[in-house]
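Per-chain numbering from 1; labels A, B and C assigned in written order.
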Amino acid sequence: MARASADRHKLLVTVVAWGVALAIFFPILWTVLTSFKTEAAAVAIPPQFLFFDWTTENYAEVWARTDYLHHFTNSVVISLGSSLMGLLVAIPAAWAMAFSPTRGTRGVLMWMLSTKMLPAVGVLVPIYLLCKRAGLLDTRTALVIVLMLSNLPIMVWMLFTYFKEIPRDILEAARMDGATLRYELLYILAPMALPGIASTLLLNVILAWNESFWTLNLTAASTGPLTAFIASFSAPEGLFYAKLSAASTLAIAPIVVLGWLSQKQLVRGLTFGAVK
Amino acid sequence: MASTHNGATARLMLSPAVVLLLVWMAVPLAMTLWYSLHDYQLLMPRGNEFVGLENYVYFLTDPAFFQSLANTLALVMGVLTITVAGGIGLALLLDRPMYGQGIVRVLVVSPFFVMPTVSALVWKNMFMNPVNGLFAWLAQVFGMRAIDWLAEVPLLSLTIIVAWGWLPFATLILLTALQSLDAEQQEAAKMDGANSFARFVHITLPHLARPIAVVILIQTIFLLSVFAEILVTTNGGPGNQSTNLAYLVYSQALLRFDVGSASAGGVVAVVLANILAIFLMRLVGKNLES
Amino acid sequence: MASIALKNVSKSFGGREVISSLDLQIERGELVVFVGPSGCGKSTLLRLIAGLEEVSSGQLLIDGRDATQLPPAWRGLSMVFQSYALYPHMSVRDNIAFPLKMAGRDKETIERKVNEAARVLNLQDYLDRKPRELSGGQRQRVAIGRAIVREPVAFLFDEPLSNLDAALRVNMRMEIAALHRQLGATMIYVTHDQIEAMTLADRIVVLNAGRVEQVGSPLELYRRPATLFVAGFIGSPRMNFINGAEASRHAATTIGIRPEHLSVSTTAGRWQGKVSLAEHLGSDTFVHVEVAGLGAIAARAAGGLDVRHGDTLWLTPDESCLHRFDEQGRAIGA
């Protein structure tokens, strides 16, 4: 009796939850569906949900008419480049603060977070002009540097929370066991720190991939990453829903899949370990 | 080996990050300040003269400024309200046993990974368009007038678009927090005769206070600088109805080429953000520490 | 096996002295237990010996040689940590082999020694598991295995049993005692649990607020506690302390009598009182008696004694087991 009612309850929750989840996911689903329609079918009233003539011509056309691959490469270089360079600076900093904390450590961490609260518009003009003067406007180099700097506080924070969880006992045990510095780093610390470093990298790649202030302001369409590429579709060109959908699907697919794989780390990472 | 643990090495390891961030913060900010005191037009480089606070007077007395300030706050507050309330509801729902929980989670979290330009364009064209959008079709089905969302209620439309992107974040964090809630506490409250509403108010909500504070802090950081969504949908219009501070400064600088008053706007934005930041960090600073 | 000597050792953390000019001699093959309440400095003392903390002043001698400045790995000591500090990404085999690998031993020797340690500790079936796949007791054994293979001159144990449940703790206690007999090794063992101290130790060092209160064999400490602190800390249930007129009669500020040194009678005796609580353990009965003028006194009676709350009892102390303390809390005439 109780069992049956519990089952019925679970079924009800399942139906409601799936309904809500599909509603939230619907814009993405609709975009993907539309990308396989003809332009006429894309704007048909009433809308066609599943029963339409599936076509891949939009993808072919986006591929042929635009330089998708070029923008995709830009996105990869910029997000990966800025994240890797960020790691190079953030790892030692987080390491020092996690393993040799001083009275100032908390202050330094909070200060770093506060730089992230500095609105980008406050420095838009000088950064734009500096890049212009240095001939870096509309280059990937400029974006790699700027995104690296703007995400650096988050990287340091994330790494710090991961490193802090490495038990000091283990470092002491390794010292008692006679591990040299090289060994301590390579065989004890690296294996324990790597998962945290990997999550940090992953999350920052996602953040940088979707970053849409600097990528839109420091590039023209030609060297822009996918964010700028998609923004160039904002000017209406008549019947273009299907092609817009195809381009959008191409732009978000890699990172959405990456996001699915990293959703657990996302919580820890973006809340700086405050929520577990 | 002891050297990895001593203060000098630690400072050496810390310094690149600190120096980079200091430079990243101080140099452009100093330049912004300097420009803000000069009449600097990008297209007329010769007119570069000291004008004192004239740019500030110009920027602050511009009616667009007050409108953009109000819009910025309305956007932040609106998105926060939707995402926190919706996030709590969704988290409570997803925390219950169900079939296919993993897939449901994946579906719900997905919007967070969609780049702002894509989500804004998809919403603008395929949902909010008064002729071809799904909303227009729905209105027609129910016999109502189709709304031109971005023209008639631009700020509300933007709030919906941005909130859609951030709802997964709030949900995911609150769900994670819920899952760490001690089941025995709930059972103890049940034994004490608390009904499900009382349990939510007295057990669940206090447990969520800290994650909610974290959600507010993190989202505010990002919401203050919403930009791409405005750029590809309304361009701040109609009029200035959907211009926020970030977009206003952008349009002064890169559309009107008035570096001086854009810089003044930048300084104002920094000051306002700092006021908010101090308030927020006070609120959650202790929570974030450990 | 080595002897360890501490000479006038002090340790301060930022101006706060946690160990003050402490002298201690630990003989070869001895199992010495540092015991004391939390914050007494016992763990710090162990970490000073290990080399994980630097002494502020004083000297540490291992086998007569000055080791004060030696890095931890060069002191030839092994340590078992409270959290076990196993390397989470390494198998049991690699965990145990790690110190040997660090010492640059050849593969064959490592293999042989790891297998030997695994046999002694009953870990043969778990060698390829990761620490997270082991129970608490098994992890403890791996930590001990890692300590054994180095063939250290002395073992250091930092509250090794405090993360285990009660039954397992008794087992591991016996295993450590057996290990000590088997290896004949010098061992220093830190605990806050006086029962662990009493059952394991050749000699106990009772620490309080960074100072040594008393050093001695378990029975010496039990029979002749040098201070009130030791008298109260060693022995379970706790010694009864009596101040006032009764103490003055014995020419002391405070007198102490252990519950087991009071004879209990339902008919006659020195002190009369009412039972406030009777705990029937079967083998023994512990009675808490409210005696007018003396306060609450605990006594151990035979298991068959059938008394309840409110009954009247008489207690008579065994005068030969009475402890007398002066104003400073020092034992008189001990």
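Basically, contacts are C-beta pairs under 8 Å (C-beta built on N, C-alpha and C of every residue); 3 or more make two chains touch, one makes a residue touch a chain.
Fair warning: this is a prediction, and the values are worked out from it, not measured in the lab.
Undergrad: Using mean Cα positions, find the chain sitting nearest the overall protein centre.
TA: A
Undergrad: Looking at A-C and A-B, which one has the bigger number of contacting C-beta pairs?
TA: If we tally the contacting C-beta pairs, A-B comes out ahead.
Undergrad: What's the distance between the Cα centroids of chain B and chain C, rounded to whole Å?
TA: The computed centroid separation for chain B versus chain C comes out at 57 Å.
Undergrad: Between chain A and chain C, what distance separates the C-alpha centroids? Give it in angstrom.
TA: Computed value for the inter-centroid distance: 53 Å.
Undergrad: Centroid of chain A to centroid of chain B, CA atoms only: how many Å?
TA: 16
Undergrad: Touching two or more other chains, which residues of chain C qualify?
TA: Answer for chain C, listing residues that touch two or more other chains: 71.
Undergrad: Which chain B residues reach two or more other chains?
TA: Residues 1 of chain B each touch two or more of the other chains.
Undergrad: Note the residues in chain A that touch 2 or more other chains, in rising order.
TA: 175, 179-180
Undergrad: Which of the residues in chain A end up touching chain C in this complex?
TA: Counting only chain A, the residues touching chain C are 167, 169-170, 172-180, 183, 188, 191-192.
Undergrad: In the complex formed with chain A, which residues of chain B make contact?
TA: Residues 1, 3-7, 9-14, 16-18, 20-21, 24-25, 27-29, 31-32, 35, 90, 93-94, 96-101, 103-119, 121-127, 132, 134, 137, 140-141, 164, 167-169, 172-173, 176-177, 180, 210-211, 214, 218, 221, 224-225, 227-228, 231-233, 245-246, 249-250, 253-254, 259, 262-263, 265-267, 269-270, 273-274, 276-277, 280-281, 284-285, 287-289.
Undergrad: Considering the complex alone, what residue numbers of chain A touch chain B?
TA: By the definition above, chain A touches chain B via 10-11, 13-14, 16-18, 20-22, 24-25, 27-28, 30-31, 34, 43, 45-47, 89-90, 92-93, 95-97, 99-100, 102, 106, 108, 110, 112-130, 149-150, 152-153, 156, 175, 179-181, 184, 206, 209-210, 212-213, 216-217, 226-228, 230-231, 233-234, 241, 244-245, 248, 251-252, 255-256, 258-260, 263, 266-267, 270-272, 274-276.
Undergrad: What does chain C use to touch chain A in their complex?
TA: Going through chain C, the ones touching chain A are 50-52, 71-74, 77-79, 81-89, 98-99, 102-103, 146, 150.
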